Amino acid sequence: MIYREAGDFKTSYRDDGQTFPIRLDRWGYYAILALAFGIIPFVINDYWANAVLVPFLIYAIAALGLNILTGYAGQVSLGTGGFMAVGAYAVYKLMTAFPDVSIVIHILLAGGITAGVGVLFGLPSLRIKGFYLAVATLAAQFFLVWLFNKVPWFYNYSASGQITAPTRTVFDQAVTGPAATAPAKYLICLVFAFVLAWVARNLTRGSLGRKWMAIRDMDIAAEIIGVNPLRAKLSAFAVSSFFIGIAGALLFAVYLGAAEVGEAFGINKSFLVLFMIIIGGLGSIFGSFAGAAFLVLLPVLLKNFLVGNMGWPTDLAAHIELMIVGALIVTFLIVEPHGLARLWRLAKDKLRLWPFPH
Amino acid sequence: MDQLIFAAEVVLNGLMTGVMYALVALGFVLIFKASGVFNYAQGVLALFAALTLVGIQNGQVPFAHLINAAFGTSLHHFGWTVPAVLAVALTALVMVGLAFLIEKLVLQHLVGQEPIILFMATIGLAYFLEGLGDVMWGADIKTLDVGLPQGISDGIEAVTAQWFGYGFFIDRLDLWATLIAAILVAALVAFAQYTKQGRAMRAVADDHQAAMSVGISLRFIWVMVWSIAGFVALVAGIMWGTKSGVQFSLSLIALKALPVLMLGGFTSIPGAIVGGLIIGVGEKLFEFAIGPMVGGATENWFAYVLALLFLVFRPQGLFGERIIERV
Amino acid sequence: DLIVPNMSYRTGPYAANGIPYADGFADYFTLLNERDGGIGGQRIQVPECETAYNTEKGVECYESLRTQNPLVLNPLSTGITYQLIPRITQDGIPLYTPGYGRTSAKDGSVFEWVFNAPANYWDGASVAVKHILDQEGGDLSGKKIALVYHNSAYGKEPIRTLEELSEKHGFELSLLPVDAPGQEQKSQWLQIRRDRPDYVIMYAWGVMNQVAIQEAVNIRFPMDKFIGIWWSGSENDVRAAGAGAEGYKALTFHGVGRDYPLYEDLQTHVYDKGLAAGAGDQAGSVLYSRGAYAALVIAEAIAKAQELAGTPEITPAQMRDGFEALDITAERMAELGLPDFGAPIALSCDNHGGDGLARVQQWNAAEGSWSLITDFIEPDAEILDPLIKEDSAAYAAEAGLTARCN
Amino acid sequence: MFDTRTQETLLDVNNIEVIYNHVILVLKGVSLTVPKGGITALLGGNGAGKTTTLKAISNLLASERGEVTKGSITYQGDDITALDPAALVRRGVIQVMEGRHCFEHLTVEENLLTGAYTRRDGSAAIKRDLEMVYDYFPRLRERRKSQAGYTSGGEQQMTAMGRALMSRPQMILLDEPSMGLAPQLVEQIFQIVKAVNEGEGVTFLLAEQNTNVALRYAHQGYILENGRVVMEGPAAQLRENPDVKEFYLGMSDEGRKSFREVRSYRRRKRWLA
Amino acid sequence: MNAMTQDGYVTADGRQIGPVVMELRNITLRFGGVTAIKDISFDIRQGEIRAIIGPNGAGKSSMLNIISGFYNPQEGQVIFKGQPRPAMKPYQVARLGIARTFQNIALFDGMSVLDNIMTGRLNKMKAGFLSQALWWGAAEREENENRAVVERIIDFLEIQNIRKTPVGRLPYGLKKRVELARALAAEPNLLLLDEPMAGMNVEEKEDMSRFILSVNDEFGTTICLIEHDMGVVMDLSDRVVVMDYGKKIGDGTPVEVRSNQAVIDAYLGVAHD
């Protein structure tokens, strides 16, 4: 019995409420942090940063955001792409209008602006529930994309409607624009992902988080025991959109460098992030990361394997990749509908009992 | 006056478009009604059906590409063509087989799960079918022709020209679609409301466990409903495929059906039609009257906003079942 | 070996168009390898990477291809092009975007690494209007032209040009955007039916092409007054509409069909050996020809670069020099087995976009083939040049670049 | 009077183990025999595993991520452990689930009709049985056109019972039929159970918390605690057992204790660790 | 019972009952065509245990729903602490100090027992957003303080060992207890209990009774409960309202109600001892 909680006693409510109550978990967590902050930045190359880690971290932030809304507060949203676009365009306008202000502040402000937009589009959630709401959030998706496409002010009147991120630095290191190095891009995303994950954890373990979960599990009962549904739902929309806005801002400014709204923030993006949280696990912070890792890595690995190792034609590989991703999603849901996070917990449960089942 | 006539024409065409949307929405409604599953794969199902139909019609060798890549052969066609009617029948059979497999491999293992999980599973299914369609029949664009006529309906143009001094434009394909949709809806309503299997299907939607406990075989109901939905998808695939050729984008018509669904109510078959008509007319009129002022291409979002407006007043859609809220 | 990646899309919404293009591109290099043993003795490797027309996959492709030291990239997507311009500029890898991408990249003094010869979107708009002028005996005043366009960066490209042209020639321009994917265009075509424009110009892609042409047939819009850009002029786009599409026109900057000597070589060295990319049924189609043409220009630039560098193993920077010294004459085209296939291309440090010549082809539904109905038409440089200067200057300012080539 | 010893066994549950979610062991070897034509009561406290046992029999566990990992269940001599629930209903075993589980969006009458789903004996017979159910539960007749989701708890319980009767079963598994019913109705439901049992020869296996009533109507009983059978026997015998009296009937030597007095004492089951 | 005055009365066991806290005056509630409650008036006094009984579908739960603001009656007034209460949202009612449990358990299935009970204290937690986001200052302090309160309730209701279990997996009886815990966590002055003992055996009912009595006793909480077990109602309650299909057919002490012929006919079936 290596993995166990017996003997790991808590003597205060504070200890009991900490994020990783089990010692082994805590160590694992510190080890990962040390790896992420202390080692990877020194060994990372362009391919790993640009094709894998940067998108992974950015999507993890978006997934955290959506997980707050969908996993914790139970409001299914398909407007993620649109909200990411708000973040991207906000940061673009801010970057070009106030070139002297730090990009970090721009990104945070972009999150704030997205939060406002999120609240606006969250208003119908008071009346509309379940799948009806999910479909209704598509209104946000389509409207926002249309808006950014149509109003030239948003893309600074450029001829084609594309936006391109100018170079900005943090501590004299370029983090956006073509001159940004792989470690710089990786680190700024990592810092945001880390801080936001920590905030998400705090919010979800406190009273706000309980309000969200109460609304999710049974909104009528929640209202009767005293949760104001309006405030609970709108706060979920606000916080979620804040995260998603930051993800959008990073996606555009750090990862892509240039974007066209319909292409980069289309409905596929909404679905992608939704997949991430469902595969990762609804209502789980770890799940948001796991889901993002899964869906960012899987296609890359599959492609490299099928085309690189097996030497298949790219088109066949691409089609089969679709089939495999689809089949994997279904398989996952069958094996464990509550996602990778639950799978992980079940594995731990078994470990805890090992070697004596039951 | 001219404006009015044009507006009338726009409305008329909106109605026709609405019917086309409704054809897609119907498939969604059926599956939702029968299992509470929001079947995202409905669009891909339509694509898959249309691909299969064209493939059979043209005597394509399924999986040719895969076989060629694996064995170095160069198979493409059997060298025959199959008459449209027979091909449609064969495709319908394929869709039944597909329904059977979907039940066996997916749904059966997800009995009693929350709706969002089932929804996700259908998204996985959509991916899979999209890939399968491509591998089976190739990703190139195909022309679909089962003999449905397209183009201006001369009769209506002539008659209205005489009456109003302006010939209204109606696509003959749309007239067909309307006829077929009417038949489908009537048949499906009768089925769901008045037959034993229809009742069982609604029971399943409410409570899987309870349905099983009274002896309703979920497997049977699901295979049946997915087969019907597959058939409806085939019809939608034929209609849309005739218009635009059969290719990947066909699966995206699902997105046009969602506002229809939302407005009509997820559980209402007539709602799909009425919702389709309202959305069709609404988006066309808006694009026609307001569109030019705001730069056009408003249809995509306007359909959703329109549906949203309705929902704010009736959260379950126009004809959807009341959402039961009790403690 | 020299690396010329094929960034293709054989899946996703635009697969039907991506497939023939990628096949043509790959087959041409296969031919060079098989027949000539490569270029200057160097075999050309064409690693393929699937982008699915998706910018993020495009980035992944770029990063993974970059590790192989490619000479030039051709992503066949305006979105991915915009994505890559800052990156390739940083990394010093030429980008070749014939007939698409960023128009102002024609200005080589700002866009050092981007080439978009022989023609760009604005050239297309201008050539289309010139053709209309021809049809109308040189006078367009009081005429109405409608632009039906894909509501994206690509579709919006010609608007500015057309606006300038409408001022110059006095025609009335109306804009009809269609949102992707464009399966439903009833309101746009009803507006056309109502407003009865004299001509319709179309910038579409994917399923939007088929639906637009079908709707035009439905409302009996005269097909010979309906002109698509070269991305709206493949066989795929017209076939669905059947006989009704007879007479539809589209621009092109190269020839079509298999009536060129090149195809004999392709047949013996590629198809017969079973080396054809894809199913082999696309040979001679519009997009296949375009893919092959892109490969041809790249091959010529490689040859030029080898000549300039004095070594067959060239670097991307030498490749850029090769492009800038590119001079493909009519005689050279004939030598290459494609007489009168494309207009001569001569590039320089300043001019990365060539002369922008394009011609008009028309669909013959009965034969199921395109025929070229005009000679190469020159775009209206008087209008275009200032626009390009303006846009590239804006980019230079934004990116903090100083003009080169002086 | 019904004598369990002379009756043939209809259902035999043999030493079954049930695990939920691959880790939670709930039933730890439960064996029961249900004689044909009798009423068997399954008693026990909260979480004892009554519902789990019934679901194991009717094969509804799979949809709760539970599985029978050991033991076997036979019905009329055939192993039914792997049968799907629908097939079981066709063989005459139907379950009335705990917590009613009516089809909310169907009307009361439609709910009842779904009970006849597996029947093949024509609409006239079904119509007759519908009337029979309405006679048993007159309240349902009044509410026949209401959506079940909007009826009161008791009405839903009646609907669920009626729905099961509509399938003309040989055996009904009843899970807590009395829960939430008014006293009069509890008595009435058990009267109906008795009537159906005697009149139509339907066998009952019922899980109950209301030990008092259950033992009055049942022929034999099993007491389940913590996933194990702790006591079994003819109902009359169980009723007289001092432990049962004390812990399940709330009687002590002095008769029934007032609930007000509970503050001054507390029962503890002797056999529970 | 001693004479009832404006200020209260003294119960049989000598507790002092205070003035009226909640008065329902001429309430009528209709759902479409169905009249669930017809012109009913009754009151609840400070510190008493008030029971509502009646056949299934009589409108008892609907009455509680009116008190907790979930339904708004078409006619009549709700008078709380002497003031007519305007139409309110349920969460506003909760803030007046009215907590409740539900007939069909309404726990938050995805949360642990502890979290569920903590939701009962949401209205007592006031830490600002920033403090919560950073888990600094008020948020952490408040969390630990409230946790301490909740732990006391957990001890009180003897559910220590299931503290961290997700409630979805609990057996019915424990769920009811957790629900009670959640309601108690709000420290209400008026506690509404909708069939708190349905589906429990005698032992568990006794436990539950003990809790109810203690709450009433120790905190002086006023309790209004619906229950079908006559034993419980007779033993626990001070006064009983009897409803029958939306009408009030009796109101008084348990003894009075028990001998009321209308009540016997409509509800009890037989005279209860």
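Should a chain be cited, it is by its letter among A, B, C, D and E, assigned in written order, with residues numbered from 1 in that chain.
What we mean here is this: a residue touches a chain if its C-beta (ideal position, glycine included) is under 8 Å from a C-beta of that chain, and two chains touch if they have at least 3 such contacts.
A quick map from chain label to UniProt name: A, B = Branched-chain amino acid ABC transporter permease; D, E = ABC transporter ATP-binding protein.
Everything quoted here is computed from the prediction, not taken from an experiment.
> Chain by chain, through touching neighbours only, how many steps does the shortest route from subunit A to subunit B take?
1
> More C-beta pairs touching across which pair, A-D or B-C?
Higher C-beta contact count between the two pairs: B-C.
> Report the chain whose mean Cα position is at the greatest distance from that of subunit E.
The chain lying farthest from subunit E is C.
> Using mean CA coordinates as chain centres, what's the gap between subunit C and subunit E in Å?
From the centre of subunit C to the centre of subunit E is 75 Å.
> Rounded to a whole Å, what is the gap between the Cα centroids of subunit D and subunit E?
Each chain's C-alpha centroid was found; their separation is 29 Å.
> Compute the distance, rounded to whole Å, between the mean C-alpha positions of subunit B and subunit E.
Each chain reduced to its C-alpha mean, subunit B and subunit E end up 50 Å apart.
> Please report how many Å separate the Cα centroid of subunit A from that of subunit C, as a whole number.
Spacing between the chain centres: roughly 37 Å.
> In subunit E, what residues contact two or more other chains?
61, 70, 102-104, 106
> Any chance you could list the residues of subunit B touching two or more other chains?
Residues 65, 134, 139, 295, 297, 300, 326-327 of subunit B each touch two or more of the other chains.
> By the touch rule stated above, which residues of subunit A touch at least two different other chains?
In subunit A, the residues touching two or more other chains are 146, 149, 220-221, 224, 313, 315, 319, 322.
> Please give the residue numbers of subunit B that touch subunit C in the complex, ascending.
Residues 6, 9-10, 13-14, 16-17, 20, 65, 72, 74, 76, 134, 138-141, 143, 145, 150-152, 169, 171, 240, 243-245, 247-250, 252-253, 256, 283-284, 287-288, 291, 295-297, 299-300 of subunit B touch subunit C in their complex.
> Could you please specify the touching residues of subunit A with respect to subunit C in the complex?
46-47, 50-51, 55, 146, 149, 158-162, 164, 166-167, 177-179, 255-260, 262-264, 268, 299-300, 303-304, 307, 313-315, 317-319, 322
> Mind listing the subunit A positions that touch subunit B in their complex?
76, 124, 127-132, 134-136, 138-139, 142-143, 145-146, 149-150, 220-221, 224, 267, 271, 274-275, 278, 282, 312-313, 315-316, 319-330, 333-334, 337
> For subunit B, which residues are in contact with subunit A within the complex?
Counting only subunit B, the residues touching subunit A are 38, 65-66, 69, 105-106, 109-110, 113-117, 119-121, 123-132, 134-135, 139, 255, 258-259, 261-262, 266, 294-295, 297-298, 300-301, 304-305, 307-308, 311-312, 315-317, 323, 325-327.
> Which bits of subunit D are touching subunit E when the two form their complex?
My answer: residues 20, 24, 43-48, 51, 98-99, 139, 143, 146, 150-155, 157-158, 176, 179-187, 209-211, 247-250, 256, 258-260, 262-263, 266-267, 269.
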